[in-house]
Structure formats: structure tokens, C-alpha cells
Amino acid sequence: MSRRPISISIDRLRGKRPATGPARRLPGDERSCPHCQSHFRAEEMERNCYVCAVCDHHFGMTARQRLDHLAGGEPWEEIGGELRAADPLRFVDLEPYTERVRAAEAKGATEAMISAYLEIEGQPCVVSAMEFGFLGGSMGSVVGERFARAAEFAVARNVPLISVTSSGGARMQEGVLALMQMAKTIVALDELADARLPFVMVLAHPTTGGVWASFASLGDVTYAEPGALIAFSGPRVIEQTTHEKLPANFGLAERQFEHGHVDAVVDRRELPARLGRLLGILEQPPRDESQSLASQLAQNGSERAARMAQALPSLSRRLRGRPADATYHPSRGHSGS
Amino acid sequence: MSTPTASSGRGGRFVRRIAGRLAGSEAVPGDTWDAVLLARHQDRPYPLDYIARLMPDFEELHGDRLKGDDPAIVAGIGRYHGAPLAVIGQQKGRDAQDRAYRNFGMPSPEGYRKGMRLMDLCERLEIPLVTLIDTPGAFPGADAEERGQGGAIARSMLMMLRLRVPTVAVIIGEGSSGGALALGVADRVVMLENATYSVISPEGASAILWRDASKAKLAAAAFKPTAANCYRWGVADAVVPEPEGGAHSAHDEAARLLDGYLSRTIRELQALPLAERRRQRRERFRRLGAMREATSA
Amino acid sequence: MSRRPISISIDRLRGKRPATGPARRLPGDERSCPHCQSHFRAEEMERNCYVCAVCDHHFGMTARQRLDHLAGGEPWEEIGGELRAADPLRFVDLEPYTERVRAAEAKGATEAMISAYLEIEGQPCVVSAMEFGFLGGSMGSVVGERFARAAEFAVARNVPLISVTSSGGARMQEGVLALMQMAKTIVALDELADARLPFVMVLAHPTTGGVWASFASLGDVTYAEPGALIAFSGPRVIEQTTHEKLPANFGLAERQFEHGHVDAVVDRRELPARLGRLLGILEQPPRDESQSLASQLAQNGSERAARMAQALPSLSRRLRGRPADATYHPSRGHSGS
Amino acid sequence: MSTPTASSGRGGRFVRRIAGRLAGSEAVPGDTWDAVLLARHQDRPYPLDYIARLMPDFEELHGDRLKGDDPAIVAGIGRYHGAPLAVIGQQKGRDAQDRAYRNFGMPSPEGYRKGMRLMDLCERLEIPLVTLIDTPGAFPGADAEERGQGGAIARSMLMMLRLRVPTVAVIIGEGSSGGALALGVADRVVMLENATYSVISPEGASAILWRDASKAKLAAAAFKPTAANCYRWGVADAVVPEPEGGAHSAHDEAARLLDGYLSRTIRELQALPLAERRRQRRERFRRLGAMREATSA
């Protein structure tokens, strides 16, 4: 595996962004909820993590908003931020790919994924967050590369990798090279697995196509946001191909949970705490400390058990006559292991 | 034909695999049915009761990534004595509604496959595994059959056997049939004092062997499925005491007693080299059984 | 793993069997087909592999008949034949277990499985065949042990393992020790896998309970005989528990094939040829010979390809300008590897 | 913004991953739609046609051991040059009835899981694997989605990436979308001369990008999915020649030409140490892509 030096643009820390950076304010001063028609001002939206305060509808978030939210407003360190889309096919559909990219970049994002090193509730980790606003969050070469570098960075720092997806799938304008990014993300996860590091997925609306059919399906633990569409083929393609009438909740997070593809549907406002707790659970103690700690605690556990066992005269009768070394004797001390 | 206590007899000599253990004192016969009732007591702690006490930080995982999520099996990862620990257990319900929801602790293939998904996670992230066994058996349904109930159980056993991380199986209540053993192929298999472990439920055996559904007590006495007997046969490596009066009478205390055994055992297993742990695990199940050898065919 | 010396009773070779051995003739002179009511004499049955010549119904076979059939009438070498059932629980239901075993042994079989070393169509292998006539083919300690020794024998001789199942499940009269045989068979298969040896299953009628839920589900390749019932829970148990009305073909081989649990439903009369061919496919060439053989044949393949490539002037144009070492050049000789 | 052929330009410099290859001659533009039609020619050999010619002794395996058997994917083991070889391929039907039976070569999750079952067998028995790719994509059905189409594809890729045995993926016809790549994560990826490999079918792209179902030719020209282009981009490691006139005109010859490549390549891969083979396989997919680097943010 070729390991390029990992470049970090620390000039992109929160608060130091250029004025031409991502819009911190939503266009206009208000947004209305597509579900319940409630109106919210931009600062109300931000305060409530872009969730409707009335009906809990989860609005889209930019990648930067996502990283800020997970980092609890603390700065984060971008990984692979210098990468930009190229146009290997010189692709033109209704307009040239280069023009589409230029227009997307002009809105402030540099690509459809930002990878960053940060802390969630005190747990250091790497997060790759997708940006649906950049060409539909489509996965081209830069997304694949930023994801791979995120995994490699996580391996280098020995921290878990988290990804928040929001994507229409592979970026068609990069042709078969976009398809190959699916495999690239798998390679990255395999390296992460070699390092015994966890990979946690957060499926935001929408997670479809080649993103769902690659790394987004492979979380050790997989959360989804309420109402997120999660599918390989979107509802329109399915209805056109098979002439099936799809249920209204087809592919939504809640239904994917029922079908066993998601561990939990988690409200975005609870996500940092939930992720922080999970990373805490998964943290491996340093090898040596682990053994001594385990030994200590086991000793404690055994002493408590021994106290309890005083009240169990019936047990010793039942266990009588057995080879001592194979039996659990709560009243006996431990030999060092 | 020889009986097990005779070391020689017509046509054969006894293979002394379990003879040493059987020479010990017999189980107290009257206890058997009581043990069956205790093992199934509706106030007995279930996996989530132990988990809540042993691991306040616990993340339950859901779904087999194939078809669905089976509430009869709970699976997840928690923080245990400063390190991650994975738990898979059969979960019965306590009230009527919950019992139906949990399908009376009878897993479907999706449940075992959820467990295997967690085993895969254990393997990759080097997390030890504890299984908590309490089931009347795998769910006997036509759909479950067609989705591969037999294969799910078999693969679950194979996957447990191959795991490189330390594993402990605890029969916490009723361990019946292959549906229980699917989670029971561990480095150490232990039973709570009032748990039972058997090839079939007494009711099932009664219907099949006695052709009379009312002979469950008789069947229980014949199977002798108590922890003490399973220990004698080498099926259980240890018996973990319950609070006086049974685990159902004091969940906290039951959890503390289990904690003492588990924390010590996981530590001991982690101290063993991988190759030795796997050798022991294989050997443990390779040697179980009782048979004679014919001197001449 | 403790490796007991493997004991082989070669005095049980075909033709040398004691008169008190298994009945080579079926009881009475005829049997009638339960499906089409046709009558056959015993020698007709044997000639047609115990398959109804009219409707192809597959009758049961004893383990010895099965081994004779697979070995093409050639002798086979029994493995673990000295093992006999014990009664660890001193089990009594409607009659004592010891009496049931005595009665079953009196009919000629020594247990519900015979393991043997033999050749199928010239392919040496170990076969464990079950005997439904011995306490319903139930798996007790002896069956588990004979299966395990079969696998260990296969490892020792470096040959594949085949099993033909016909069983009602675990032998209840041996209690939890019978249950443990399921795990024992899994251990045996894991040893076989360590030795990179194939395991081929043949599911005969019926394969149910703990046998189906252990080794019988784990074939690298799995054949089933037509009409064989294959299930963990039998139809009666299911109907009693769930009050479902089961379809007539519930659990039958053909339906299990549809549900993806069986590779092929194979007529018994074709079984030896099919198994022989499969073992031939799976046979690993000796390491060194493999490489030289492969090298030779690849050379041949390349020469043929080179001849073909003469007719492909367009190709060289299309491939022009590429780095030579990454391209397939059929016209170029091979460098040794 | 720079274009790929310019090595420097406004705001960035070109990352030279594929620049060397792209500097070669462009594909002949008129060939693209012909290649699409040829790749889908109904007389083109399908996996079972190659298998019958390369491996007269072949055992097709069926079923995913979970839910069913998918006829859109064929999988099995055969004797190839004196050793076992496993093959997984997408199988289209030739006549109307067979096409419907094979679901037009669009696999369901069961198909990929049948493939993974075979990969597991390959791993355990040390049997090399060849995949034969020919699909318009994975089946877009609601049931397929609910049974985990996305996860099946992802896991198939991961499993191929992790295999310890030599693997070769051959695009024999139409390689479209993740449904094709699911079988394409191999040590060597090669394309037949008239095969195509693309992120989406021209028709799909036409409907989505041009919002007009009739622009498939335009889409094909834009995607440039030919073997020659895929080779230039590093997506294909080699191009295997077809008989003059195309593989559909001479199945035997097409099989012989493939045989020459496969037998040599499997032998070469077997000669590599495992660690080196896996390193190469990872590196192969790790490096694919084309991008710029911004000199300043």
C-alpha cells in the first residue's frame, strides 16, 4: 500500500474560515419544515441541530455543520482537504462536468465529503462527513480518496473511524473511476480492520447507490437518522423497472431497522452523546494496563462474591467431591495468572 | 450390556471418559423438578437484567444484516471492568405481552445470525464474548425452517468454535436442545446453580418418549438436567452459586455472583496463548460422551 | 486435541461378515412401494439401489447397504467399529435404554452410524453412513465419536470426508451428552478444515433435529436424495407448536433446494458417479507437481491462444502504446515464473 | 479548474495517478456504441458457455444457505488444468424464457450470497477463484432492497478483497455498476476485447443525466466504457482478445483465448507469496482515481 504523507489543512479550523467559505446562514432568514410547515429562523435551526422543533423532521446538514455538531463546536482538523475533483473522462452531459464542479465549489464546499480528526464527547476519532449539496453527495475520486485517507489517518492515530453519509451514489461524471471508489473504500476498511479499529456508520438522508453498497453497509455499529432514505436502488428506479407499487416508508431508516440493516434509529440531537458512549465502550485498554486493571477488578469482584457466598451453605454441599481446580470457589483467593 | 457404573460387563468394557465423574455422589433426585421450575421462574433474571447490572454502558445491536431483527436474542457490546465485552443472550419476556414479543425466548435463524454478526465484530475488534443461555429451544416454525434454522445453529456453533477471542457460555436458566447449544461452544461453559441443560425440554421428552404430555416430571427425573449433574458429566466446567432462595429472589446479588466468576475467568482466558485456548476449547467438546468398547465385533 | 490411536476392524470387510451380521435380505421376500404400490422382490430392490423402478421412490437403506453401494461392491474398512452405546444416565422411559440398545444391536447393526474408509469410483475417501434402523438413526455418544474418528482418519490419510445422514436427531436417552455430540461433530469438521479437506454431505430421508443442526448443514457440497425430509423441527412438532398448516412438501429435499439449503437433488442410482466426479474435481494436486503441471498446461493454452491471435490484427493496433508488461500478449512466449 | 490532460492549470496541479495512461492515444470514438452492442450481443458466450469449454468436469452449486437460489448468478467448482478452480459468474439467458428465468443477469442478494458461500469454500479448501462478470446491474427490486442488496454487494467486495487464494475477475460482457464490481475485487481484473465496464448502463445514464431515455448513444460516448479505455485508466489490467468478429461468432475460440490468459495468470498468481498478492490486490484498488490537489484552500 502506498502511503502518501497525510496533508492537513489546519487553516480550515472553525472560526478561521474565509468569508467565501460555506454559508453558515441558510439562504434567506427562515426555513419551513416540509412535514409540518412550521417556520424557523436560521439560528433556531442551528440551535436545534437542524431538526424541526415541532415534528422532529431532520433537515439536511452540510458536512461542516455536521462536523461542528459532532465536535461540540470545538475545532477539527481536516484530512485530505487539498484534494479537488478532476475530469478524467472530459465528461459532458447537459453541461460539462468541470462546470458542474466549478458551480458546486463556488457554493463553498470543496467536495462531497470532508474528513476530519476531532473529539466527540472527549473521544478522539476521525469522521468522514458527506455533503449532499455538492453534486448530490456523489462519490467520485476525491470522496473515495478522502475516505481512504481518513481510514489511514485513524490507523496512524489508533482511533476509530466514523462516517456520516448523505449521497445519491457514485458520481457518474467520473465514469468507471467513480465505480472504483466503492472498492477503494473497502480497501480502507480492511486496513482499519487489520488495525483492530472500529468503524461506526451514521446513515443520514439519503444514503443510496454505490455509497450504501460499499462502506456505508459495513459499519461495526450502524445508526441511522429518523426518516433517512437508505437504498441501493432508489424508489423511482424500482418503480420504473419492476412496476411495483412501493410502500410509503420504503427504504426509510425505521423500515431498514425492521429488516435488520440498522442497529438503531437515533435522533440527531442525541447523536454526539450516543457516539461518545459507544466509542467509550469500544476503547481497548493498553495491553499491559488492561491485564493489571482486569486483575484488580476481578479481585474486587471475587471479594464481593466471597462475601455473598457466606450466605450459601447449600452450595458447598452440592459441590463436594469435585476436583477443586475446575470449580468456582468464591471463598478462595486467586492465584496470579 | 454394561451400565456406566460397572467398569466391565457383557460384551464390552467401559470407556472411562466420564467414569471418574460418575463415581461421585448422585444428584439428589427430588431436586430435579424443583430445578426445572426454578430455572424457568418468571422472576428469574434474564440477559438484560444481568447486563444492566454488569455493564451500565451497553450498546444493544440489532439486526442480522440479512432479513430482520429477532427479539428472542439480545446482542451487544458493553464496558466491563475497563474493557469492551460482547454479550449474546436468549431473552424471555416477563409479562404476557413481552413474552409474546420475545417469542418465549425461542430464537429464529435471524437471532442466531445477529449473534454471528456480533461474533464477527468480536473477532475483528478483539473483544471477548459471553453468552447467556436461556431458551426452551429454537423456534419450531415453518418459516424458520425455510430460512435455515438448522444451518443457523450449526454455523453459530462452528463460528464460536473458531473464534480467537476468549469466550464464556453461561447457562442462566433453561438450556434446551440445539437452540441452546448454538451459543454454548465456548472456552468455558458454566451453569448457574439452579439452571438446567438438556437435550430437550421435559415436556417435549414426555410427549415423545412417554407418548403422554403429562409425564414431564418423570422425564425431568430421567434426564437429570441439573447443574450438579452437568458438572459431573463434564458438560459444565463450573457451577456459579445463586443467592439463597434462587436468582429470582435477588437480581443484584445474582449479578454480583456471576460477575465474580466472569471477571476472573475472562482474565484467566486472556492470559492463555491463543493456540492453547483453541486447543482446550476443541478438546473440551471433542472428549464429551460416554460409550463402551466391544472386545470383539 | 487428544489423538487416540484409530482402531479399524478389518474383520468386517464385505463377505467376511458373521452370519449374525446385518440382514442382507429384507424381511420377507418382497417390499411394496408406499407411493405407487408396486411390488419388488429383494434382489430387484438391491439391483435398483433400493429405488422403486416404477416411481423412483427412494426406500431406506441400511448403513452397510449404503457403504456397499458407494464402494461399488468393493470392500470397505470400518473405523471405530468397536464402539458401543453406554447408558450414562441409567435412562428409563417406557423401557430401559439398555434394553432398547440390546434390541437394536440384536437386529445386526452395532450403532446408528458406520464410518469406513473406501473408494468411490476410484477416489479414496472416508464415509460416515447413518443407520435409521438403529433407534431412529439417533445421534448419541457413539455416533458423535464415530463421526469424529472418521474426520480424524480422513485427516490422517489426507482424503475427503463424506457423510450420508438418516436420523431423527439427538438420542434423547443419552440426555445432554447426546446434545454435546452436535458440538463434537463441529470440532471434527474444524479439524478437517484445518487440513484443507473437503466435506461432502448426502442428506437421505430423514435428516432432522440435531443432525441437521450440526454437521449435516455444513457440507462444502450438499446433495439430497429425492423426497428426503430435511428439517430441524419435524412437521408434527411445528404443527403442534404453531398450529400452522404445513404444505405437503414441507421440508422435502426439492423444497430445501428451492430455499437454497441444498446444492442438488441427486437420484441415488447416480450418486456414486456424481460423488466420484466431485471428489475428482476437488482433488488438490501435490504442491510441486501442481506447479509444473499448471506451467505445462498454461504453455499449451498459450500456444493455442497464440495461433488464434494470428487472426487478430486489429488487436495489436488497439493495444499499441501500452506498457508491455501489463498487457496480455498471446503471441509472446512465457517467462518462467 | 484543470482538465486531465493539462498537468497544471488554474487553482491546482494534476495528480499524476492516471496521467501517464491518459497521455496515450484516445479510443476510437465511433467504436463505443458498437462495443456496447457487442458486449450485450445475445449470442455472446455467457459463463456457462465458457465453463463448458474450459472445465468439462464442473459441479454447479446452488443456494445461499439462507433464503434461496438465484439463477442470475452461477457458481461452482471445476477441474481446470489438473487442479480445482471455482467460478462465479452472472448468467444472462439466451431466449426470452431463459432471460426471464435468469432475471436478465441482474443478481439478487441471494446471488451474491451464493457467491460468498463459494468464496468461503475457496478460502477453506485453497481453491483459486475466477469471476465472470456480465450484468446490467444488481436487480432493483423492493424485496431485494429489504433483503440487503447494498450490504450483499459491499460484503462480496470485502470478502473478495480478503481472500487468500488467487483471484481473477474477467469482464466478459457488460459490466455495469456495483452489481458488477461486487464480483470484481480481484488480484487481476481483465476485460474481453469487446466488453464494457461502467458506473451505469448507457440507458440509465441517459435517463438520469440527460433526462431523456433516448440519449443512450450519447451517454455511451461520454462514458467511454470500452476495454481499451478501462485499460488506460488502470481499471483493467489486461485486455483479452476475442475471435475476429467478436466472441459471439466463435465460442470455442473465445474460450481458448480466455484459457490462455487464465491459465498463465493463475499460475503466476500462485507463484506470488500470499502477503505480496494481498498487498498488490489492495494497492491495485487503493490507487484508482483521478483528482487535483489545490495549492491553497
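Order of writing sets the chain letters: A, B, C and D. Residues in each chain are counted from 1.
Everything below uses one rule, namely that a contact is a pair of C-beta atoms (placed from the backbone, for glycine too) under 8 Å apart; a residue touches a chain by one contact, two chains touch by 3 or more.
All values derive from a computational prediction rather than experimental measurement.
More inter-chain C-beta contacts link the pair B-C than the other of B-C and C-D. Look at the CA centroids: the one farthest from the centroid of subunit A belongs to C. The distance from the centre of subunit A to the centre of subunit C, with each centre set as the mean of the Cα atoms, comes to 46 Å.
Centroids of subunit B and subunit C (each the mean of its C-alpha atoms) stand 29 Å apart.
Centroid to centroid, with C-alpha atoms defining each point, subunit C and subunit D lie 35 Å apart.
Subunit B and subunit D have Cα centroids lying 46 Å from one another. In subunit C, the residues touching two or more other chains are 217, 259-261. Counting partners per residue, subunit B has 65-67, 147-148, 151 as the residues that reach two or more other chains. Judged by the touch criterion defined above, the protein chains form a pattern that is neither an open path, a ring nor a star, and not fully connected either. This structure has the following touching chain pairs: A-B, A-D, B-C, B-D, C-D. Residues 1-5, 11-12, 14-15, 18, 22, 138, 140-142, 144-151, 153-155, 157-158, 161-162, 177-178, 181-182, 184-185, 197-200, 204-205, 208-211, 219, 222-225, 230, 233, 235, 279, 282-283, 285-295, 297 of subunit D are the ones that touch subunit A when the two sit in their complex. On subunit C, the positions that touch subunit D within their shared complex are 193, 196-198, 217, 220-221, 257-264, 277-278, 280-285, 290-291, 293-295, 297-298, 301-302, 304-306, 308-309, 311-312, 314-315, 318-322, 326-328, 330, 334, 337.
Here subunit A touches subunit D in the complex through residues 1-2, 9, 11-12, 18, 81-94, 98, 101-102, 110, 140-142, 144-145, 148, 170-184, 186-191, 209-210, 212-218, 230-233, 237-238, 241-242, 244, 246-247, 250-251, 255, 259-261, going by the rule given at the top. If you check the complex, the residues on subunit B that touch subunit A are 24-25, 57-69, 77-79, 81-84, 110, 114, 121, 124-127, 190, 193, 228, 231-232, 237-241, 243-244, 253, 256-257, 259-264, 266-268, 270-271. Contacts from subunit D toward subunit B in the complex involve residues 65-67, 109, 147-148, 151.
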